[in-house]
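Chains here go by letter, A, B, C and D, matching the order in which they are written, and residues are numbered from 1 within each.
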């Protein structure tokens, strides 16, 4: 990973750098962080002569050779300084809420619009809504592209950024063309490396937010971070990591809640952690408890299924979505805990200087 | 389950009742709750004629025939009115902290005494300390009975109730003889029905608190409550249920934290839930987060490994115990969340009257 | 699902049928089984008037309305008569072995060719070799398209059908263009419904064999069969189901072996079960035992990683591949057990006629 | 572990040895293996001077200081030469079948006697039957001591050894007094170290066979072997290890079958592995497949629930027991696979001399 002296290389510098790399059959991939753009080496980076020549260039500050399998996602990476925003707020500065429906119902768009207004009112920072949906049965409703207009209308009316799930290249292309603010990779595609690679490339310029859900098996931290590395190493560093429960489920829940993985992730990576309590527990009556637990464990944000009329929702179990009035009550409680937790973490950091 | 009209049957009434039951080859077991003593039927309780004759007795209020496999533990049982205390405080009225060492080190008793004073100072309600310990290897230190004197000394000096683990009848007998306030059944004996039965019987008079840990596999709610039913149906209703993590572990933790099971338990039973975050995560740096998450999910109490000098502890991993100063910081944060959660639950209960 | 009287509808009949369906906003998808082609209804199939009109057509035998979420994969479906072949042998008639390397090493093609000859010699029915590979790290070797020439050369030299994994549309297109005999969907894409749909469509004409690995979480039987239904309902009924171990792993193995799921699958579906013992246990010394266990549980085939020089392999752990001499010894043992098991199953079927 | 020169120390030698040990605050525990009695050191065995003095005794061959946490169970231990018998047959020489009912029905003893005769006829080597039963609910039938007479009658009539489960000291005492051939520790008491210790002591003289079931969680190999070490280190080396499925279950089975753990156990220990397919899958229709898979993985024996009239059984699910006619068919098939597997293992051992 090559760190330039200035915020970004100019065209002449880039050309010089590429020339050096070409001599060693390597190339670079720019990854534009908020503080500076860094340049990942593509190819065999363990060529000492090449590294020496790069370090000899007067516009290069240094080369980082992190030994982790997820060198850009690693919290020791230069990207640890990178700030990710939801709208105008930096993750880490406030607890971010992304709320809305599982699936946009094209026959009843008013529900989605009403929900969007209601979650804004409740204090949410972004709106979620499924245009396309991965469904266990090929005979279930899979969503359709024209629902994107309803999503865009919600954005226009509320002024909040919007998030939707993508399952294939075509979805990404349509979403990027429509300037969707945030794309979700669902749990079933969490290890679909072809899709992750493509998304990284297609959003390298737009710097669209990517909400990467954790795969539903009890996979390792490294596997999760490597999946995110596929996105970042292809040009887009705006990745959010989303625990959402693992299988086999706790009897009575949809999954085995895994918000507890948050501190383990934070020890390894700089990326914000946004927990999905709705899919973890799968029932609205338990969701607020799970959301608070996620904040207790260190979450930077919560993505929570919300619907003005849960029983009229399409998609997942209607008992999964909370109503906006519950969200209204939850957000201040969660923020109070967030503030207290941050004070607490400062205290611990001070008393355990290691 | 036979509910008397008065708080308790007198000797004459008891004799009359037993006579009726004897005609049908049944007997009774008294279970002394705080509001009233109830009488569980031993034998085949589905004999209609017998039930009619019991209900005909003028000192009997009614018969409850709960269809759950854990009829006394069921939240619909008469015992739901029963109150359990830690010292002078009712579970449910305040968040209860039970803190102390894993194992009492007979060669260094001062650590245990210092820890006891320190956790009292920090605000804990009871002290824990292992006199006997189940150890994976037969060649490890297993504790010894004379450590009970150190436990008793800690109680005398601090005035706080004390808790210790028992693994066999002999331990229970010694503990009861020494009026230990609370006995712990560890995860390895959580389904040792012979021990559970014996404990119920041996503490029927003393009404000693029993902290029943959850078995370490992903067992069902019913299995956990049935295990507790073994204790209660043998005479002692003072049972606390303690989730402590399941196996297989989350990579990086000692177990897979399972505080999330708390609301599922509360839907089924009236017994207080006391979560053990120390064994869930297994590392002190994560324990406070796990403790807060437990409170978020609805815990009535927290049992937390604490040591004045964790690195000098014997027993489990020395990295597992927090220090009293961390506990001092944690308790008010946890209580603030407890208060907020209770307000929140009242709000939800009011808005979802079902 | 519409069953024609003849083996297949002629163009005129197809046109008439489509006309009826169009009146109800439906269409059909032909699925060409070996005994007859059946026609799945696309759209709302619960329109009684439509069903009546279809059944009135004189070239239609009947309509099957199976209520399972995987109606084509269901063993009660008309497709239960469909026979799937590996080369010239029907699955079910003999125990099928698919053997070969994890990854084709483009720099050392001779290993792959030697392995191909050796596994043929040992008695394998098909050759496997990875042209493209999903790798946990974006920086690992991911395979490359030109390796397909080596795969084709192995087929040409041995006369055996060949199998390779595909992870995206482009791979499928290249593989189909090159008439690869069998395509593998790996565990990471097992629920990538967009890819499954596309594969079904792209191989509807070629009737390429599809080896669908089970997802690595402990998912339900229905989820696995629904994934296969995505392929079949898009036109290709030649699906093999491949258990390959689940996570979390048994300590000492790569996964938790799941060959035991075979009889549960066979109760629900007609599709052949091909077990992958290599990824289950992850170590060559245990693979033959796991292969025999799979046969004991009812497997129709075994896909087994084999390499003439395991330590020189690229891709997964070099300790995972067995050598051809072990395969030579394993195949007759496995076949003997296969024969004995089939006799045994006949006996049980006769004595338990239900 | 002290290895004598002769098969066993005489009284004079024992006295001399104990005297040396007493000088270092240690004692010994004799463990009587078939080839020789070995003597485990109780106390701190890392005292060099003590070891030197012991080795200096002219009747001592050597001291083994195995570094594993289960030094007697370790396959490198002197006990690896110890042979365990079921009746007159050594484990390892033939595949051993232990068959019979879950629970002896005291009201219908004829079923148990009939089953005993029928399994003998089928070729079983020992009979199982539950006198006492651990039951999830305190209100279920828990067995009773007088059923032991039925067990003894079955032994007398068939001449086969008998096995029953014990859950507390009193059971062990009654069983030992009645010379029951084999005692089972169930999965719920698999980590009940007090019981394991007591059993080791109480059967040190009788050398009763102990069938130790694996705990139902996904525990480590070391944990399982350490549990067995509690028995052996207290004097009885006749331990059989019994995988019986883990939780969470595979959907459709009672547990997640774990016969696959057999080769991992065999790498670490010399003790015979006896797999219980009945509790793994929980349904008779799947049990024979699971039994064959266990043999494929290396099992030395099979313990299988059998009942002449499964639907009239009490205890576990009536669908769990196979009938004697299925056993009659299964035993020769399993033995044929056993023979083939042993030939196969010899081949592999020869070709992989390491």
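Everything below uses one rule, namely that a residue touches a chain if its C-beta (ideal position, glycine included) is under 8 Å from a C-beta of that chain, and two chains touch if they have at least 3 such contacts.
Since we're looking at a predicted model, the values are computed, not measured.
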Reaching chain D from chain A through chains that touch each other, fewest steps: 2
Self-contact between copies chain A and chain B, residue sets same or different by half: same
Most widely separated chain from chain C, with each centre as the mean of CA atoms: B
Chain B and chain C: spacing of chain centres that average the CA atoms, whole Å: 52
Intercentroid distance (Cα basis), chain B paired with chain A, Å: 41
Centre-to-centre distance between chain D and chain B (centres being mean Cα positions), rounded to whole Å: 34
Residues of chain A whose C-beta touches two or more other chains: 218, 248
Chain A contact footprint on chain C (complex, rising order): 69-70, 134-139, 142, 167-169, 188-189, 191-195, 197, 215-219, 222-223, 226, 229-230, 233-234, 246-248
Touching residues on chain D, where the partner in the complex is chain C: 218, 220-221, 248, 250-253, 256-264, 280-281, 285-286, 288-290, 292-298, 325-326, 329-330, 333, 336-337, 340-341, 344, 347-348, 351-352
